[in-house]
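Chain IDs A, B, C, D, E and F follow the sequence of writing; residue 1 opens each chain.
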Amino acid sequence: MSLTVFRKAHFNAAHRLYRKDWSEERNEEIFGKCNNPNFHGHNYELEVGVTGEVDPETGYLIDMKVLKDLIREEVEDAFDHKNLNVEVPEFANLNPTAENIAKVIWEKLRKRLDSDFKLSVKLYETPRNFVLFTG
Amino acid sequence: MSLTVFRKAHFNAAHRLYRKDWSEERNEEIFGKCNNPNFHGHNYELEVGVTGEVDPETGYLIDMKVLKDLIREEVEDAFDHKNLNVEVPEFANLNPTAENIAKVIWEKLRKRLDSDFKLSVKLYETPRNFVLFTG
Amino acid sequence: MSLTVFRKAHFNAAHRLYRKDWSEERNEEIFGKCNNPNFHGHNYELEVGVTGEVDPETGYLIDMKVLKDLIREEVEDAFDHKNLNVEVPEFANLNPTAENIAKVIWEKLRKRLDSDFKLSVKLYETPRNFVLFTG
Amino acid sequence: MSLTVFRKAHFNAAHRLYRKDWSEERNEEIFGKCNNPNFHGHNYELEVGVTGEVDPETGYLIDMKVLKDLIREEVEDAFDHKNLNVEVPEFANLNPTAENIAKVIWEKLRKRLDSDFKLSVKLYETPRNFVLFTG
Amino acid sequence: MSLTVFRKAHFNAAHRLYRKDWSEERNEEIFGKCNNPNFHGHNYELEVGVTGEVDPETGYLIDMKVLKDLIREEVEDAFDHKNLNVEVPEFANLNPTAENIAKVIWEKLRKRLDSDFKLSVKLYETPRNFVLFTG
Amino acid sequence: MSLTVFRKAHFNAAHRLYRKDWSEERNEEIFGKCNNPNFHGHNYELEVGVTGEVDPETGYLIDMKVLKDLIREEVEDAFDHKNLNVEVPEFANLNPTAENIAKVIWEKLRKRLDSDFKLSVKLYETPRNFVLFTG
């Protein structure tokens, strides 16, 4: 009996989209107002999906409290109320687009989950823009 | 032309997570406050997906009124305002976790749908915790 | 500068609507399926509003962390994953309708807030049914 | 690194479900109140998904402004505040069910997107009824 | 103990904003694309509020089933899947703006409610545009 | 016939809560992680309410397109993708708490609206924290 459980979480952060190795003009052309050097920010909404076999004894795929705490440690404690470009090491040389943030979250959670589970990460940057990464 | 149609529904119910064949201590350890012997409850939100071929004559995959009535009969009439452990036969010996409730709903609807259709059941136990079962 | 700040919270609970001093028939007639003796339950969504003067020095009406912790202590810790009829003393002799639950929450929070503040409590029993109590 | 980005959009429109080549009785039997000859209408909510490789240089799968403008041109400008049966050429001889509207939107966007991308269209006709077409 | 209870409902309808006694030019100037002579439509979301004294015996302000049925009779049965201009008598000579629809709903419900209750009607024409009428 | 119309809008911005004239220790004590010197950010959701008389000729209280454009000019163009502390003159010496942002928005819109209208501003800083300012 394969099934997916989902847990939602959120964090608020500042970011700026740009490449240090590009000219100002090119950053402006490609990233527009997201390239504001003074930063802007978002309420990121996160939806983590874990797929695997349900334990027939407990009826749980994974204890949701365990999953909730894992997301808090790896994502909320690391990203919430932070400036992603300045304070989060994974983005020191990686542009914090929604695509890249989702991939970084996926990789951080992947290391902590049993390898029998599949993992998906959906990340809302705004209520109208979001991404899904499944590895 | 393969496509999926979705219909949302909901029901309110009480439940308790535990196994009759376990000690109190073990139930407490595994299920924590969900093991409250006096029960707690939820507004369950349900999202049923049916995948198949669209009828080229009507432009319908399935008449949504038929799907709505089927969900009412099999799920809402059976579970709404009920105590899942005490009053719903499927959970007499099955722990009513979100995982198991989704599976039971899937099986009840599966029997009633044309075998050419694929079926998915997404069940929200809370706005932050939900599961997806696709058979 | 008078203003209102709002904080949302939630809790899951079981309940039954009935009066001990009424006959079964009368309880059934008035409360219908909400009178299920085995209980049913809800995800209650709560929206607490506090109205008052903004502190010109901080720009805060009240520290939202203080308000969040107050709601956790008085409401979430007291009601979450509980059977309202059986385990919450305020409902030992008070029918736990949404109206009465909102009033009990208002009274619990009122005692803990500075008397200069006005208080409102909005309580969603389901996404379609909710109540507002302002004292 | 394959990933999906999503963009939401919406449009309001009138429609009527019926087939010109059917009798009134048959239209009434199959489409019920959706066959109202004076039309009814909806706020259609649209969720467009684009799957492909993330550009390692920009961290973008596609510039969301490009996707937003494409949806505006192909869908919002063409459908918003329109009568689908009377004013939208694609439905001159095609019943505007949610299934067929989703397929028409998918085909319009498919022509404009790089063939390396996969495309999905989710269309909400009401908050409780929606369809997903992936080609 | 004065309190307000709310009940949500919805209906889908077509409409056109215009005045029969105005020139085409003036209707176009004032109502723009809402003046489409072929109609457009919306999913209207309705939130009805009833304020009064809670019955100390039942803990109910009003039986929500009574309120739900009243809204169904007066609003949903009368407006759902209808063309407001053509089929709803109240709009034969009244422009069906959100403002006027809210007022009509308020008047229909007002006649059916105990005069001790206050009544409010909130009507969403789209998720971003809505009105509140309190009499 | 007095009535209120509401229009929703949104903007994304970075901010930091602190007072320049306070010590680091005091800023930390009062504003905690909101005092991050590298900034954090939010998706601010805005709900503007305008109360007044409905024009009996048009059935409009105010043309919603006028209100939408006014909010875009005064709020979205001024705040979206900005650092509130650094780039928005109103916050040069005013702490950008949700309370103060709501007040600034209210004042900007108040100047542009007919004095016969009453104005309310509801501002969501996160889905769980929001404020209401009515002047």
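By definition in this document, a residue touches a chain if its C-beta (ideal position, glycine included) is under 8 Å from a C-beta of that chain, and two chains touch if they have at least 3 such contacts.
What you see is a predicted model; the values in this text were computed from it and never measured.
K.L.:
Using each chain's Cα centroid, which is most distant from the centroid of chain A?
P.N.:
The most distant chain relative to chain A turns out to be E.
K.L.:
Measuring between Cα centroids, which chain is at the maximum distance from chain F?
P.N.:
Chain B.
K.L.:
Report which of D-E and A-B is connected by more C-beta pairs in contact.
P.N.:
Greater number of contacting C-beta pairs: D-E.
K.L.:
Which whole number of Å gives the spacing of the CA centres of chain C and chain E?
P.N.:
The separation of the two C-alpha centroids amounts to 29 Å.
K.L.:
Determine the centre-to-centre distance between chain B and chain E, using the mean Cα coordinates as centres, and give it in whole Å.
P.N.:
Averaging C-alpha atoms per chain gives centres 34 Å apart.
K.L.:
For chain B, write out the residues touching at least two other chains, lowest number first.
P.N.:
127
K.L.:
I'd like to see which chains touch which, written out pair by pair.
P.N.:
Result of the pairwise touch check is A-B, A-D, A-F, B-C, B-D, C-E, C-F, D-E, E-F.
K.L.:
Which of the residues in chain D end up touching chain A in this complex?
P.N.:
For this pair, the touching residues of chain D are 1, 3-9, 49, 54, 57-61, 63-65.
K.L.:
Across the complex, what residues on chain A touch chain F?
P.N.:
Contact set of chain A toward chain F: 10, 12-15, 33-34, 36, 38-43, 80-83, 86-87, 126-127.
K.L.:
Of all residues in chain A, which touch chain D in the complex?
P.N.:
Answer in residue numbers: 17, 19, 30-32, 94-100, 102-103, 127-133.
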